[in-house]
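Pasting the structures in now, so scroll down.
Both complexes below contain subunit A, partnered by subunit B and then by subunit C.
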Partner chain A sequence: MSDQATTDAYSERPWEAPDRHEPVVRLRGIVKRFGSVEAVAGVDLDVYRGEIFCLLGGSGCGKTTLLRMLAGLELPNAGSIEIDGEDVTALPPYERPVNMMFQSYALFPHMSVSANVAFGLKRDGIRGQELEDRVSQALAQLELTDFANRRPHQLSGGQRQRVALARAIVKRPKLLLLDEPLGALDKRLRENAQYQLIKLADDTGITMIVVTHDQEEAMVLSTRSAVMDKGSVRQVGTPTELYERPGSRFVGAFLGNITLFDGTVAAIRDGIAELKVDGLDTPLFAAAGQVAIGSRGALALRPEKVRIGREGTAPEGQINRLGGTVEGLAYLGDVTSYRVRTEHGVLVEVTRANSENAAKRDVDWDDRVDLWFEPENALLLGAD
Partner chain B sequence: MAEAPASGPASTVAAGKSFWFSGKGAVAGIPYLWLFVFFLVPFAIVFRISLSEPMIAQPPYSPLFGADGSYQGSFFNYQLLFDDALFRGAYLNSLWVAGISTLVTLLIGYPMAYVIARARPLVRNLLLMAVMLPFWSSFLLRVYALKTIMADTGLVNGVLLNLGLIDAPIRMLQTDFALYVGISYTYLPFMILPLYATLERLDWSLVEAAEDLGCRPWKAFLLVTLPLSVPGMIAGAMLVFIPATGEFVIPNMLGASDTLMIGRMLWDTFFSERDWTLASSLAVVLLLLLVLPIMLFQIAESRREERA
Partner chain C sequence: MSRRGGKVALLGLVTAGFAFLYLPLVVLVLFSFNGSKLVSVWGGWSTKWYLELFSNEQILNAAWLSLKIAMINATGATLLGTMAGLVLARFGRFGGRALFTGLIAAPLVMPDVIIGISLLLTFVSMEQFIGWPHGRGIDTILIAHITFSTAYVAIVVQSRASGLDRSIEEAALDLGARPITAFLLITLPMLAPALASGWLLAFTLSLDDLVIASFVSGPGSSTLPMVIFSKVRLGVTPEINALATLLIGAVALAAGAATWIQIRRSTKA
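On to the complex of A and B.
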C-alpha cells in the first residue's frame, strides 16, 4: 500500500501521515467473546476526523459487534476504545459522545417524527427555542419538515431511514455509527441515500463508521474501508487500494469479481513476476505483490482488465495471452459480460464496455477467442 | 381483466349464500351458537325474572303477564337496589376490592413479566411454566392451602412464633389482608401472561436507542418500555378486574364475614332468602358494571388500531 501513497497537492489524507494527525477513533486489541465464540478477535483501527469509514464483511464477520462496542452496547473482553483522545472503553452508551443509527432504525413508535428527533436533545437538558431550532434544522437537513407531526408507521421506508439519520446527527456526536444504513431501501432509493449520506458527512463534518455487507456501498461511501473476516480485519484501505491492490485472495474475491490462476513464481524482473501457471505451458506475467521466487502464488485478474477478441486477434508482442471458448455471455446494456473457459480449464470472467453499438456481436456463444492483458493490470497474490 | 367487474359481485353473492353451510361458517358458527344457547338465552331468562316480584309459588316469582294478558313486569327490584345502601355499598366494595387487587397484581406481575421476557429462551420457558403451574391443581385446593398457611396455627404464624419474632399469632384469616392475598395470588397469572406477551414482542433495540441517545436505564424504561407496554397492562387489568369483581369463593373463605361483596350478596339473596327476582337484578347490574369497562377498552383498542 505504501508504494501507492502519494501526497495529494491540495489535501493531505490523514491516514497517509499518521504521525501528523490524531485519529478521532483509536481501537487497540479489541476482543469480544460470546461464550466460546470469538466474535471479534483482536482488532486495531484508527479512524480520522471527517472520514466515512466502512466495516465491510459477510454475516458473522464481527462488524456489527465491533460497532456495538463503539456505541457501548457491548463491552469488549479485552482492548481499549479511545474517542477523541478519551478512553471510553468502560463507559455506558449514554455517556459516550457517540450516536448510532440502528439497522431497524429503532424509531420510537409512540412518538411523532419531531419528538423522535428531539428525544436525544431533551436528555441533554436542551429546552425551548434552542430545542425547536435544532430539531427543525435537522428535519430540514433531511427534507422531513413536512412530516414532523407524523408517527413513524405513517412514513415510507425512505422517510423512516431519514428520520433515523436525523435523530442520530441532531446531537452532533463526535462519531456517528451506522448499522447497514441503506440495507432496507430498494436499489433506486439506495443510490440517492448514498449521496445524501456523503453530503451530510461533508456538511456536518461528523466522522462516520458504517457497517455494511455490500461492497458496492462501501466503495461509493467510504474514504477507507476495513475488510473483515472471522472477527479480524484483513485489510484497510481506500476503495481503489482494496480493489486494485487486494492484499489477499480473500479481499480480492470479496470486492468485485476476480479470476485467479494458481501457480509457482518462476522469476521477478522490474516488479513484474513470471508465474508458471498450473496446467498451462506458457507463463503469465503480473505486477508482483508480496511474493518470493519459488513460492506459490495466484495471478488475480479483474474482468474489466482482460481484453477479448476472436481467435487470432490478440496483438503481436502481448506476453499475457490465453486461448478459450465462450461458455456464457450476458448483455447488460452498458457492458457485456463473458465467461470464457481456457484450455487448461479455468473459467475467466471478462467484461467489455459497450462503447459502440453492441447489436452486431463479433464474439458469440461457443466462439473460440483470445484473451490478453497487460502485466501491470494483473496482480500476484500470496497463496493464503 | 374485462370480466372482473362482472364476476366480482356475483361471487360475493355466492359466498354469502354458502357461508353458513361451508366449513368456515361452521367453525365460526359453533361458538356463536354456544354463546347464544349458554349465555344469551340464560341472560334473557335472568333479565325476565328480574322484572317480576317474588311470590310463594313454583317457580317463586310472579308471572310477567296477568290472567287478562296485561303486562305486570316492573323495575321494582332495580329501584330497591339503588335505594338500599347495603347493595350500593356491596357494589362499591366489590369494585374497590377488585381495583386494589388489580393494582397489586400489576405491581407484582410487571417485574415478573419483565424478567421472564428478558430471560434467555430456556430460562424463559421454565419461568413461564412456573407461572402456569398453579393451574394444574384445583382452584379450591389452592384457596384451602392459603387458608392453612395464614391460619392462627398456620405456617406463617408458626415460623414467626418459633423465631421469637412475635408473641401471639397474627390474625390474618377473615381479614381484608387475606382477601387481597387470595385474589392477587389467584389472578396473578392473568396479569403476567398478557404483560409477558407485550414485553416479549417489544423491540429491545428501542431501549438501546434510548440509551444511545442519552437515557440512563431507568429513564429508558420510563420513556420507552413502559408506554409501549400499556396495551399489555390494560389487557391484564381487564382479565383480573372483571372476574375479581364478581368473586364469591375467595371472600367467603378468606375474607372477613362483614366484607360486603356482590358475589356473596347474590348467593345469599338467591339461596338463603330465596328471592330469585332480586338476585336476578343484582346479576344484571353486575354484568352491566363489567360490560362497561370492556366496551371502553374495546373502543380505545379500535381507536389505537385505526391510528396504527
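On to the complex of A and C.
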C-alpha cells in the first residue's frame, strides 16, 4: 500500500524503476548485417510509454537501420523486437501497430492531403463518417484543414512535414517512428516544429522513437536518447545525464563541445579525483567518474563551465587554474566564444554569456588570461 | 551587325531547319489534293483521291489490320515490358542482372532484317516440330512485334521506376497496405505516365514496321505499310498521298493529346 502511495505521489520516471514498469518497446540482441558489414551489432533497448526516445549518432552508425527494423522494413539477423508485450520480430510492416514518418516524407504524390491521411485508415476498413471525422481531426491537429484538397507538390516544406506527421499519427499507433523528422526544415521552422512535436506527444500520448544526427534536436525533443556508434549503443540517458555525465570520451565529444586533458589519476578524495595532467606541473581536480587511482583518464571540461579573466584575476583559493593565451575570439551576440591555448599546448574552448554589454572587451585577442573552474563542474572520464 | 539583323538571321536559320524537316510533308499533303492523276502535274484542288481511298477495300482492310495489331501489341508489350522494367529497377543486383539487362535491350540495336529472319526461321521450325503456329499470319506478326516492342517499354518503365522514391511504397506498407494493394494504389499510378508513353511507343513501332512484318506475315495478312510499299513500287498514286495525309493527321492528333495529358498532369498532379 505505502509503496503504491509513493509511486502515485510524484510521477516517477519509468526507466528509473524498471521493475515497476513494462516497456512499450523491448529490443534484445538486435543484429543486422548487410553482406559482411554489421550495421547493427547487438542492441538492447527499453523504451517506455509516452517517451520521446532519440537514436542519436553520425551517419552510418546504424540508427536508421534500427528504426527500419522497428517498422518491419528490414528483418534483423538475430534478436527480438517486442512491442507492447507482443513479439513482432517477424511481422511484416502492414501487421505492426507502428507507423513511421519518413525522412523524405514519402507523401503519395497523386493523392490530395486528405487522401494521404485517409490511406492508412481505409486499409483498416474504416469508412464513412468515422473516416471523415478522424481525417479532419488529424488535419486540424496539425493546422492543415485549409490544405485538405491540395496535392503534396502544392505545399511548402513545413506543410509537407505536417502532412507526413498527420498521416503517421492518424492510426493512433502504439509506436511512432520518425526518421530525421525536422532535417529538411530551415532553422526557424525547425524550432517551431520541435515544440509542435513535443505538444503532439503530450496530447496523443503516443510513444515516439526519433532518429536524428543533430544533438541539439535530441536535447530539445527527447526524454532519453541512445548515443550510437558503429552499430552499438554507447550510452542511454536523459539529455542532462548525457551532457553533464557522459560515460565516455565519444559521448562527451559527440554532444556539444568539450576540452579533454589527458593524464594519470593520482588520488581520489570525497568523490573528487586529482589528475596529474600530461605536461602540466600543477594537478587538476574533477568529479571522479568510473576511474581508479593510477589509471589513465581524461578531464572533460565544457566551454560554459570555465571562467575566464585577464591574467591574475583568478580568485584566491581556486584549485583548478590554468594560464593561457587567447588564440581566437568569436562574438556571437548572446555569448562570446574564446579559444585559449594553455602553456602546455592544449586548446581550451570557453564560452561566456554576455550578460552585460560586451562592447568594451576586457579580454581580447592575444591577451594573457587565467582560466579556472570548480572541480564538480568537470568530469573525469576513463581512457577509452 | 545590329541586334535586329541578328534576330532576322536567327529566324532565317530556324525557318530553314523546320523547312528541311517538314517541307516534304507539306508537299505530300498538297499533292493529296491534286486533281490530276499525274503526280508531278498540278491539276487543281480536288478531294477525289480521298473518296477513292475510302472505296479501296484492300487499303482499308490493311489499315484496320494494322490498327488491330498495333493495339494488341501495345497492350501486350506494356504488360511484359512493365514487368521487365520493374525487375531491372527494383530487384537490386541479382545474379545475372547485367546479362538480363543486355538481353532486354538487344532488340533496340538489332537490325530489323536480322530480327525478321530469325523470327521467320523460328516460326518455320516450330511449325515442323510442334505443329504451331500454322503458317504465318496475324499471330506471328503479333508475336514478332511484341518481342521487340517489349524492349522499348521496359526501358521507359525502368527509367521511371528507378526515379521513384522507394520510401513512398514503404510508407504504403507501413500504413497497412499489403504489397499487392501498395502496388495497385501507389506504384502503378506513379508509373502511369511511363505506361502511357510506353504504350504509345509500342503502338507507333508496330504501326510503322515494314521489314519485320514482311518476313513473318502470310497470305491475307498484309499490314498497311506492306500494302503501301507494294503499291509504291508500281508508282506513287495520289491515293497513297491521301492515305499518308490522313496518317500524318492521326499521328499529329495523338502526339498533341499525349502532350496535353502530360501538361495537365504536371500542373494538376
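For the reader, a short list of remarks on this structure follows.
Keep this in mind: the second predicted complex is superposed on the first by the 375 of 384 C-alpha atoms of A that agree within 3 Å, B and C clash if a C-alpha of one lies under 4 Å from a C-alpha of the other, contacts with A are read in each partner's own complex, and residues count from 1 in each chain.
In this text, a residue touches a chain if its C-beta (ideal position, glycine included) is under 8 Å from a C-beta of that chain, and two chains touch if they have at least 3 such contacts.
As the structure is a prediction and not an experimental result, all values here were calculated from the model.
Partners subunit B and subunit C clash in the overlay (superposition on subunit A). Touch criterion not met for A:L91: it reaches neither subunit B nor subunit C. Look at A:A266: by the touch rule set out above, it reaches neither subunit B nor subunit C.
Common to the subunit B-facing and subunit C-facing surfaces of subunit A are residues 71-73, 92-94, 98-100, 102, 104, 106, 108-110, 119-120, 123-124, 151, 153, 167, 171. Of all the residues in subunit A, the ones that touch subunit B in their complex are 71-73, 92-94, 98-100, 102, 104, 106, 108-110, 119-120, 123-124, 151, 153, 167, 171.
Here subunit A touches subunit C in the complex through residues 71-73, 92-94, 98-100, 102-104, 106-110, 119-120, 123-124, 151, 153, 167, 171, going by the rule given at the top. For subunit B in complex with subunit A, the residues that touch the partner chain are 203, 205-206, 208-216, 219, 223-224, 227-228, 307-308.
Residues 165, 167-168, 170-178, 181, 185-186, 189-190, 268-269 of subunit C are the ones touching subunit A in the complex.
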